[in-house]
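Shared between the two complexes below is subunit A, which pairs with subunit B and subunit C, respectively.
Let's turn to the complex of A and B:
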């Protein structure tokens, strides 16, 4: 396992997300079939899934740390670190099945943990978790916490995504939200940790494309204490969502619009009060502007959002059928699992496709105190 | 090579008209327009040279001028820098070159008589000669080769043995130090990410200069909006027809309240990230400043007056003008500060870190005197330090005195020379409350500087900029101030590389002068610039026509902006902020590991 990739690895990819807005839980075969349809967009060097709402009630309140380690020694070092920083409620190997097309896997383990003390404020606890996870990942060579949310999990590895899904027995999990990713890197890292999704707390990101502004974003994030040790574009997307939404309290839609900010001439044409806000957002969050060809699906607690770059250099299609919302790189992938959706539409550059749990399904607004309507970015 | 002159060298540091012995009468005539087209070149004859009688008269005057001059050779001799060769077959005897050379290097005795020892290699004569009959060559005499006692150094000794004074020079450092810009290469998109065609897709160069908070406080925005009864109607947003009550939206009270609540300080909006650096009235002519002011106004950017005050002729461009407060405090009053778009406190200058300036009394004309608010003919002295700034706390007081005087409506810049400890100093300046820090590298230009200081003090802008950007990020205060790189930005690619290293914008000075005709003869300090740039002599000043001059500068900025857009496109990004600090898109060639570490770039091939 190569932890410190010295170079960023560009590539193209396939992404898909499926969610039931009523919170109905369904197994992983749907999303596996969807991503299988886009086999041609991957090259067998990485695939993965994020699933929300999968864990039993007694484990739901705890952070599920999914860990991959190269050797037993590294596994133990990581476990030692986890024990040091958190209270372990339960631990077990991540169940897998032998698969003819998935090679040798690292040691895969999951820990359900709680923060060691009670934090008065919820952000305090989250800050603590983020800080410790970043620290462990940076410190322990050869071992990686690749999933750390509550009642959600990331499953990923080297192989075609449909094979990875079968390897992880995803047909046995039931989730209200699934995202998946098939990878087409342009060289061979051979590293399970390099596959998507990338996650932090409840965030998960699958990403198709390249962030040409990577280093500007990375250096911006470092000012806020994020460490981009994975050296992948996807990582900056993840942390930007965390910074803007969780820490700075911008609603998801506004976060998306900041990441793919409206052009200055569009801002100039807005009514003055909106223009003033947008000028401020672009001035302050200049380092958060994502540039380059990309489309991403970001999963969070209670929803998912699909977003493509400002000038739509990567494809992204949305569809709706009953309680289900689909977002995918290709319409074909959606139709493979849902032959006749009620509506299908191509995303506009910089305009997010958002799906949220209905309130009746226990959904709530994402972690922001205020709801603001987002000035249209086009 | 610049200072190897037969002229007496005096102690005057700032652009004085040095005594030069007799001046051939012909050179004081008022010449025709600077850029005569080849067509009118032919028609330019002696008749048009004012102040000259007939041919015989001119020849006599030349002989009178030459005789004592030739006898005045100093005891310790240097050879001339250049040799002026006039091709007799081509020369039409129009005498235009004689009239145009402001350096007494050409005389007339029924033919053009060159005085090589006076030639500064400014190329004015070459440019105006209708038949290209004049050639300027390096003086061909060979010294015995010596890599230690170079010609420049040995000649400096000879000159100082003659004069007993320090050596002076104009423009930036010309010594062969590494130019790091030329060791950095830019990435481009291939296959995995498409490049963007700037002709088809929007490409944004807009930049805002000023302090920004770390986050936008949405709650404050919404409460301001509520207080002013402006609806947040989703459908209305972005659609002016349905934007509620437009009068409420446009209320200035709301705007101010909102900006305050959003925590956004005053900002300058730059449509291209290139501004014109401080060049004061006195160092350059009014026509140069007029050209700059109009050019930046047309291009949606800014220029800085320098320390010499703001001439009333520039008031129409006040919105695009940054005024400077330097240690001499010339012209500083409340009106001066409030009239401008921003205020720059000059602590140091890259070409001469740690020393002051001196505009000799003979250059302080009535107009300059009234602009600087000093008596006519008095020496204008800028002390080396500000005598009320001996510490960072003192600087903070001046910053806030200016902010108070301008009701916190103008960004305050602080300009420093790039010195060894620049990162820590810049951090202190940001913490002291500056809205922008200008870092001026040691290759930056000057109207006059002691040669030895210009050539040996300070550090390159590239390293200073990278160090400052790193430090401000480490301390988490990079957002709090804009970083402006200055000091020999020579091309659009220097701009791109500066921004990729972390600058928000750049200042150019010399490039703007070159656009106006400067040929880098390095004689600015002598006040006789043959191109009419760094002089106050009316006959020379009018060689720059501001009506034409602004277009030259604007053209340059337009060309550079186009190239920057094209570069963004090939980098696969469509907005300048995605380039800012994006060092991953730079690679180094021929640099040491230490240099690459400081610049934060990888070697090419990795």
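Let's turn to the complex of A and C:
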């Protein structure tokens, strides 16, 4: 391992999320310009994007496995594994363009796959997918499935995020939800797989800060079959959302409240019924409590949520403009693409900012009631 | 560095306009420092968006007017100038400022006034967490932070000197954010009180004045809560009259509600926590 991988550099990452709650899809230049505004928060050792609603209708039903591999041999080993566990409907290289500021890239490929059989009985298809993906990622050296959702994709690498976005030709995709991350790695190496977002099924997470409770969370998650192999604290956030929301059925808001649970002295001051509920939740989910300075944006099917730690040790700003919801590390990043939002507010520690597709969503009709100055949204 | 003609326009003899659109913070700050060094009295900066360290370390008697959203560490280490911001400030405004003034017509982000050693910060709107953390004062150096709206948690944490005010004024119907933009006010999602939790935790100098009542449950153990006394009033009045003048407010209205004072219980609250 290169020596500089062990250096600790104090710094802050950049995160941003942009979503149309009516499901209006817009190309990647909006989020690229937003993250570009926060260039100083990154150091060129990682940038990435998650995009929801990007794939054509005939491929929407299938899991899009985005894979990066260091060598052809490792690429083929991973493909063999994918073929063994799933039905491959379609496969292709992930389109990229040469970029002067993006160095040598791994082999980047995507497979649209279906589960081999119908899973009518529990634990079900998604459980199967998670199990096989965890297994392949743990088993195949030098290759990584870094995105596995349906009708969504993660695009990431080593470089500044605005350059990585251009490298992956994100101006050619249209999504109703984009998140992005500019990395300033402090405790772990800057490598292609270590860039954010991290993804599992339709979840994606971008993260600024650190999860000081990582080991407690990791041990807790391992009891449920999750494996932490990414050399980063961020992945526990991803698996905790998957566990609490998808597997245990807690709503997104309650999931956030469990992860950033009230302090005991706050619980003591609650009405008795609330206090009893929170004592139970803190006891049951003690291993899921996230400690340390962090702000995250988690993307999921049909929505996104921004969440900062309980005592607000990392910044998070929200804004609304017409059908658009913005969440970012800095207000300037929002104003760079939307100069006059209707409301701008600073997040409170432990209080999630949630954006969701309206029930009737899915259309590509632009919202005519609000004229929002978002250059790339037409 | 050569100055591009369209970037910098000289209106009056000693008034200069700079267009910050798309400028990197280093270039913008270089232009500001150059203009101040060449004798500009007023520097008007348009289209500010996220540029950091504006006015960093400036010691010249200049007024900088900013239109837009100022980036992190606005006025860091500043020693003398006046900055008037028509818009919001991000995190760390007035970081370790030594003297001068920062007048913010919108809101300020986290840690506004951190480690201030002197000068004044007037915020018309609200501020984020940890405002005034580790402010300090010495002899004639008495930093003052006035917050027109409400403050986040940990206000005045480890405060060692100076004065912080929280006024809880309503957001005005309109505010001149500049550039023809609509006023935008952050609406607190849960504004249960003017200050958040852990107000004055670890404070060992200075004073926090809150207009109205303070919930003791929201204050740190190191703060003593009491009504502001007659001794405090002349200072409060002077500060409020000055603040009101900056924003065209009625000082009488601000002073019509009694203030609560938070003062340190001890000058060395953690003395016993350390071995020597």
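Here is the rule we use: the second predicted complex is superposed on the first by the 344 of 378 C-alpha atoms of A that agree within 3 Å, B and C clash if a C-alpha of one lies under 4 Å from a C-alpha of the other, contacts with A are read in each partner's own complex, and residues count from 1 in each chain.
Just so it is clear, a contact is a pair of C-beta atoms (placed from the backbone, for glycine too) under 8 Å apart; a residue touches a chain by one contact, two chains touch by 3 or more.
None of these values were measured; they are calculated from a predicted model.
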Partner chain in contact with A:223 - subunit B first, subunit C second, else both or neither: first
Which superposed partner A:340 touches (first subunit B, second subunit C, both, neither): second
Subunit A: partner with more touched residues, subunit B or subunit C: B
Touching partner for A:330 - first (subunit B), second (subunit C), both, neither: second
Touched partner set for A:289, first subunit B, second subunit C, both or neither: first
Touched partner set for A:269, first subunit B, second subunit C, both or neither: both
First (subunit B), second (subunit C), both or neither touched by A:311: both
Which superposed partner A:210 touches (first subunit B, second subunit C, both, neither): first
First (subunit B), second (subunit C), both or neither touched by A:84: neither
Which superposed partner A:117 touches (first subunit B, second subunit C, both, neither): neither
Doubly contacted subunit A residues - partners subunit C and subunit B: 269, 311
Interface residues, subunit A side, partner subunit C - complex: 37-38, 40, 269, 311-312, 315, 317, 330-333, 335-336, 339-346, 348-349, 351
Complex contact set, residues of subunit C against subunit A: 25, 49-50, 52, 68-69, 71-72, 88, 90-91, 107, 109-110, 128-130, 152-154, 181-182, 184, 186-190, 217
Residues on subunit B engaged by subunit A in the complex (per definition of touch): 189, 192-194, 196, 201-202, 204, 206, 208, 212-216, 218-219, 221-222, 225, 230, 232-234, 236-238, 240, 243-244, 246, 249-250, 254-255, 258-259, 262, 264, 267, 473, 476, 478-479, 571-575, 577-585, 606
Subunit A to subunit B touching residues, read off their complex: 6-8, 10-12, 186, 209-210, 212-216, 218-220, 222-224, 248-250, 254, 261, 263-266, 269-274, 276-277, 279-287, 289, 291-293, 310-311, 313, 368-370, 372-376
